[in-house]
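Here it is, the structure in full.
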Amino acid sequence: MKIIIINGPNLNLLGQRQPEIYGYESFEDYLVRLRTMFGDIQLTYFQSNIEGEIINKIHDWSKNCDGIILNAGGYSHTSVAIHDAIKAISTPVVEVHLSNIFAREEFRHHSLTGAACIGSISGFGLKSYELALQFFVQKED
Amino acid sequence: MKIIIINGPNLNLLGQRQPEIYGYESFEDYLVRLRTMFGDIQLTYFQSNIEGEIINKIHDWSKNCDGIILNAGGYSHTSVAIHDAIKAISTPVVEVHLSNIFAREEFRHHSLTGAACIGSISGFGLKSYELALQFFVQKED
Amino acid sequence: MKIIIINGPNLNLLGQRQPEIYGYESFEDYLVRLRTMFGDIQLTYFQSNIEGEIINKIHDWSKNCDGIILNAGGYSHTSVAIHDAIKAISTPVVEVHLSNIFAREEFRHHSLTGAACIGSISGFGLKSYELALQFFVQKED
Amino acid sequence: MKIIIINGPNLNLLGQRQPEIYGYESFEDYLVRLRTMFGDIQLTYFQSNIEGEIINKIHDWSKNCDGIILNAGGYSHTSVAIHDAIKAISTPVVEVHLSNIFAREEFRHHSLTGAACIGSISGFGLKSYELALQFFVQKED
Amino acid sequence: MKIIIINGPNLNLLGQRQPEIYGYESFEDYLVRLRTMFGDIQLTYFQSNIEGEIINKIHDWSKNCDGIILNAGGYSHTSVAIHDAIKAISTPVVEVHLSNIFAREEFRHHSLTGAACIGSISGFGLKSYELALQFFVQKED
Amino acid sequence: MKIIIINGPNLNLLGQRQPEIYGYESFEDYLVRLRTMFGDIQLTYFQSNIEGEIINKIHDWSKNCDGIILNAGGYSHTSVAIHDAIKAISTPVVEVHLSNIFAREEFRHHSLTGAACIGSISGFGLKSYELALQFFVQKED
Amino acid sequence: MKIIIINGPNLNLLGQRQPEIYGYESFEDYLVRLRTMFGDIQLTYFQSNIEGEIINKIHDWSKNCDGIILNAGGYSHTSVAIHDAIKAISTPVVEVHLSNIFAREEFRHHSLTGAACIGSISGFGLKSYELALQFFVQKED
Amino acid sequence: MKIIIINGPNLNLLGQRQPEIYGYESFEDYLVRLRTMFGDIQLTYFQSNIEGEIINKIHDWSKNCDGIILNAGGYSHTSVAIHDAIKAISTPVVEVHLSNIFAREEFRHHSLTGAACIGSISGFGLKSYELALQFFVQKED
Amino acid sequence: MKIIIINGPNLNLLGQRQPEIYGYESFEDYLVRLRTMFGDIQLTYFQSNIEGEIINKIHDWSKNCDGIILNAGGYSHTSVAIHDAIKAISTPVVEVHLSNIFAREEFRHHSLTGAACIGSISGFGLKSYELALQFFVQKED
Amino acid sequence: MKIIIINGPNLNLLGQRQPEIYGYESFEDYLVRLRTMFGDIQLTYFQSNIEGEIINKIHDWSKNCDGIILNAGGYSHTSVAIHDAIKAISTPVVEVHLSNIFAREEFRHHSLTGAACIGSISGFGLKSYELALQFFVQKED
Amino acid sequence: MKIIIINGPNLNLLGQRQPEIYGYESFEDYLVRLRTMFGDIQLTYFQSNIEGEIINKIHDWSKNCDGIILNAGGYSHTSVAIHDAIKAISTPVVEVHLSNIFAREEFRHHSLTGAACIGSISGFGLKSYELALQFFVQKED
Amino acid sequence: MKIIIINGPNLNLLGQRQPEIYGYESFEDYLVRLRTMFGDIQLTYFQSNIEGEIINKIHDWSKNCDGIILNAGGYSHTSVAIHDAIKAISTPVVEVHLSNIFAREEFRHHSLTGAACIGSISGFGLKSYELALQFFVQKED
């Protein structure tokens, strides 16, 4: 099974940014651990701060994978364009967020990108990604 | 580890209500399977259609368990009282929803109960519960 | 034909509360008259001030009756949970209100429970119930 | 007893418009049946697509009848002028709708004309008119 | 003089929940002190997390007392049903809140239950109850 | 000087409708008095309950008069079309209202037709028309 | 091919009203040119300032034509009734506007009538009609 | 007859501020003319930029006059306090505005002070005051 | 103990304004009674209709007293400036209102000044002040 | 004449995405047909999923062409930046949409980019582009 | 060059109020430093907690100075009257705020007074005043 | 001291776009002058129309500079992602705008990016940049 993880804006800073909160591990390092945990899954990773590049990747990769895990960061709440991109493909997409979006500023309460996904997992830090992967693993069963 | 699952209004109908969509399995039957999947976890289950009874259970059981999985159903979007109950205890609570709340009517987009939880998992059908349990399992590691 | 009448919060006070407006007749007394008027219909009655008990009754009785007449009182305007309960059953439900909800405070203008019913009858005092029964009688013709 | 039925915009199309939903019967044909059902009531009928003509009829006929049944169609949700016309007369007016206005687009949830009526009956198709007539019949008892 | 205190959701946790903020005293213990302070008043106490039980008590006890002190907790901001219950009785009801509802989240700024009471006292911790009792005492003078 | 008075919906009922509030004088009778008061002004009068007929008159008469006094009644608050008609002509239009629109229901607070007029006079009963005429008289000086 | 053009309020003033902006050509004159441009199309024209007459024409003519071009003017933004009329017929309707409705006052940004049409063309002055006709011509190809 | 004119913020600048729009006449000079026009009326004038001083004057003078003409300027749209002051006295108050408040920014569309007055006259420049005085003169007749 | 009472706009009219509702007692007379009731408290009183003078007094007196009782009247709902003044001092401030602000017009439902106080007491008429004083007395115990 | 077509996010998927709805033709293939239809026009094409690249192209090409046809896709409803880019150039820009934006989700009802264009054409599928080209052709006549 | 600094409500407390945040320096002391920094500028200072006095000073001083620096404090967000005062004069006004208004409560996000100024500088503490002065200095160059 | 200036969408057009308003100087030319004015500061400049590239630069350069001056143009009002980027770094960021955002369309009144900055300077044209630089210079003192 091949799963693609797409991270949106500012997630490249993980490990550097407020490490006392988000931890000292970069997403790349975490990816190594993730690949170990899910040995049977072929994991591909892409990060971009550019909204349109995220759309490009969703388009390009959707035919060559079994699922997409998307953390669109700040674009989650405003991007009609990413919403449309997810709607345009048939590959299942799962939304993840590090923080609990319901518990933050009002402008983060709704997820426009989440509305186009199968489901949404938010608030579990990096473990949100693991739960999303679990979903794909269990889905196969 | 002891985890409590609390289901809110209408979830007692699972298996009978629109089975072509939600499946023919009742939550009680699913619980049997869930206990098999997570053999190490002691699972307790409670369902009520009464908002205040859900609050009662959150109060009563919070001291005797390691985590609560809460699907407050229709109360998720309006209940300040359940929100306050979750805030009042120190046990970690994870919110789950069968359907993707962002993809439904606008009055379901925000979760007031979710805002008081650690995190929220919605849209994966019954598998939402399994992902919530995975969170508690992994948290221990 | 078997029809169930479910009354929500504060309707137990009928006859005592502002009798100069609502009349001196309790709902129980009215029920006697109603049974006389509709001799061919088996009428069952339930009243509760508890939102979840209304949901319970909708669940429990929906299989053993031909129709439900629901006056959810103050819950009509806020209860996603009762809305979901009505959606979850296949028995036809007719909403009634004693007063004209469009003519009162703005927070009573919309009916969330009414949105899940076949139709809604409001403003005719106790006669709203008779009109709802007429609907079930005529429906059979 | 003399009752007037006033139908607003697009109700002249009944029987032709989406007959698989609304039936093959025109309102005129239905009126024949209605007169048979309510033999003791003298029924007068008026339909117009013009907001002001509806107001004219409400003014003109209000003194010569015992009640008005009004289905103001699309004007129900926006017409302050019809609202004022109903308020200006002392004849009781009952609002009817074929469809359940709470279950449709948000701009149909509130009824400005209904706010000026005695009560409102919506969602029962043509039977909404029969229930309105029942109200006038019972009112006399 | 007989006064009834009705506490809504989560107030049963007083003394246990965040005691560094709310103090180590349970409401039951406080009640003992309150009875001492107001020796001439017969104080009855009821707490429930269930919205409808609060309504039940308002109905049942309203005839046998001189006043009700109500802290409807989280239901204060959303409950049309409790609002209606207070409106339906003639016993004076005084609303109290431990915290200052104007200083908290926006969804707590307005009190729907308070709108049906004589007056509202919020922000003085447990002393809010004493001030409400003072009102009843002084009212008698 | 030639001035046209255009009255909108329900103003034909003046004198009959709630005469204890609005007086026993019809607008036609008032017009006789108005012509006496303003002997130098040629007054033309038109009333219609039909929005589009009001627009027609604004179009037709605007070239043959020195000013229009418009009481668009309930259309004042919703009619983009009358607003556009006033904007389309160069004749000065003065809006009048019998009642004080700021002191009534919220949906009457703003005047869309007034926004296209020179000015607005509301709340002085029939005297609102006299003040509007005074404006045209004084304007000439 | 037979196409009907229906113009709503104030469009009868074209050529007279602000000619420096809208030009000196009346719609009738323009119609002559339009018939020359589209020699193969039988063009019928109707204008009314009365909302209900527009609905009447949509009803009456919809069966005898291949398409309707509708410029509902100020009614576009508020008329649920015209919206319903368009929905009730099966003839394709194309909405046109002389001005760009997105670039004007906020109350013109949305088109309720446009929501019931195939599509909408706004901002091209009289050329908006030609583009609408082009659509019908090309549709046939 | 004694009438008081109270002008609110910025009206002291009349004659100096944008004289090409508002004219070169100060309110004091205009007052001389006004007194000539209305020889039988004793006119007293007060202007203040301070909200509370306007309230003071409304309180102080209300007993010694037959009417108040109030132009509360920018306070008209926000002052609950002046609204309450007008409500607290029994002297009739007429609101005037130089400009047409419906035709300006949205925050000027409603008048909170106007809601407490008998009526409101806006858009006629300085003539708004004359019309208000005409109202008091005619009222006496 | 030294407590300062600051009354805002229109409270100087107490006793004169609608005495059948508010009573025939002026605040000054009430103050005499209040000083008798609370003999141990040194009461200072200030009333102003001017928002900024209220701020001035809050600033000036906050250092020389043990508490402030503030009834900011109509400013309560709009004054960011008084809110900031209360936040800027460390003296405890208690808000009082004669009427129940939740039961009045929607623009009075929230209290911006109350949000900066310890707590708020509204709806008890002049007794609201006594309850506020009780709070300060009991606070000392 | 030289016209540039700029397509925004997800339009690169045309022909692949839901072909049963949008057809099997890619935009590139359509472009071939378009060039045949409009032989006299030099057509340049650009597509990007990146908001800023669309802005870049609007800047770069605006001086070297006679008109721009812009389908900004999901950015149409949210992009202040593209709105500003269109405002900053003098080349005429026509907005097109495949679907009727008024008939879709509420967040698509307004077009921020359309507000900066000459006009907008939506709902005609690929024919929207042809109509836009017709506009430029006719404009030259 | 002569510049006037006008400070609004609560800024007189600077140096005393939360000195750990705002510093121990009063505005008067700061003014001494400011005069040293900008030796060539004649600086006049006024502070008032009274909205109307701020308007008075804007009026009085606007003719005798080259620029005004205004920190209207809490009035910035609500005062239509100060907005109008700034609009009424031709002297350039620069708005300053100590704190970043975009980062505080939502009711502080917009500045109504700022909308009437040349520009706005917020968030730099006392340095906001220096930047405003720099603007006036550089403007002269 | 090293300061970075980041300009967002459309600012590359400066000098070409509406030069009668914005002047004939490009930002590059202005930068030369700016470097002369602030000889001691090492100024680096970046402009992009791509939201994500602005985020990239904020990330990349934040460690190698003493401050960032950001004019995010149209992204200021909608970009949660740039807001997050600013929050994620510890380098001080100052927001600048050429125009006064409070005085423009309502959708420009709030700055989401400004909410994450130290402060905001808007309305001074190119001088806004100089004031921002002054802030950094003075901050060092």
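Order as written gives the chain letters A, B, C, D, E, F, G, H, I, J, K and L; numbering starts at 1 within each chain.
FYI, contacts are C-beta pairs under 8 Å (C-beta built on N, C-alpha and C of every residue); 3 or more make two chains touch, one makes a residue touch a chain.
Please read these numbers as outputs of a predicted model, since none were measured by experiment.
If you take chain G and chain J together, no chain is in touch with both. Just one of H-I, D-G or G-J has an interface built like that of C-D, with over half of its contact pairs in common by residue number: G-J. Once the centre of each chain is set as its mean CA position, chain E and chain I turn out to be 23 Å apart.
Distance from the chain A centre to the chain L centre is 31 Å, each centre being the mean of its Cα atoms. Multi-chain contact residues of chain F (touching two or more other chains): 50-53, 78, 112. Going by the touch rule set out above, the chain pairs that meet are A-B, A-J, A-L, B-C, B-E, C-D, C-E, D-F, D-G, E-I, F-G, F-H, G-J, H-I, H-K, I-K, J-L, K-L. Put simply, chain C touches chain B in their complex at residues 50-53, 55-56, 59, 78-85, 88-89, 112. The residues of chain K lying in touch with chain L in their complex are 100, 102-103, 109-112, 114-124, 127-128, 130-131, 134-135, 138-139. Residues 8-10, 12-13, 17-18, 48-53, 73-75, 77-78, 107-108 of chain J touch chain A in their complex.
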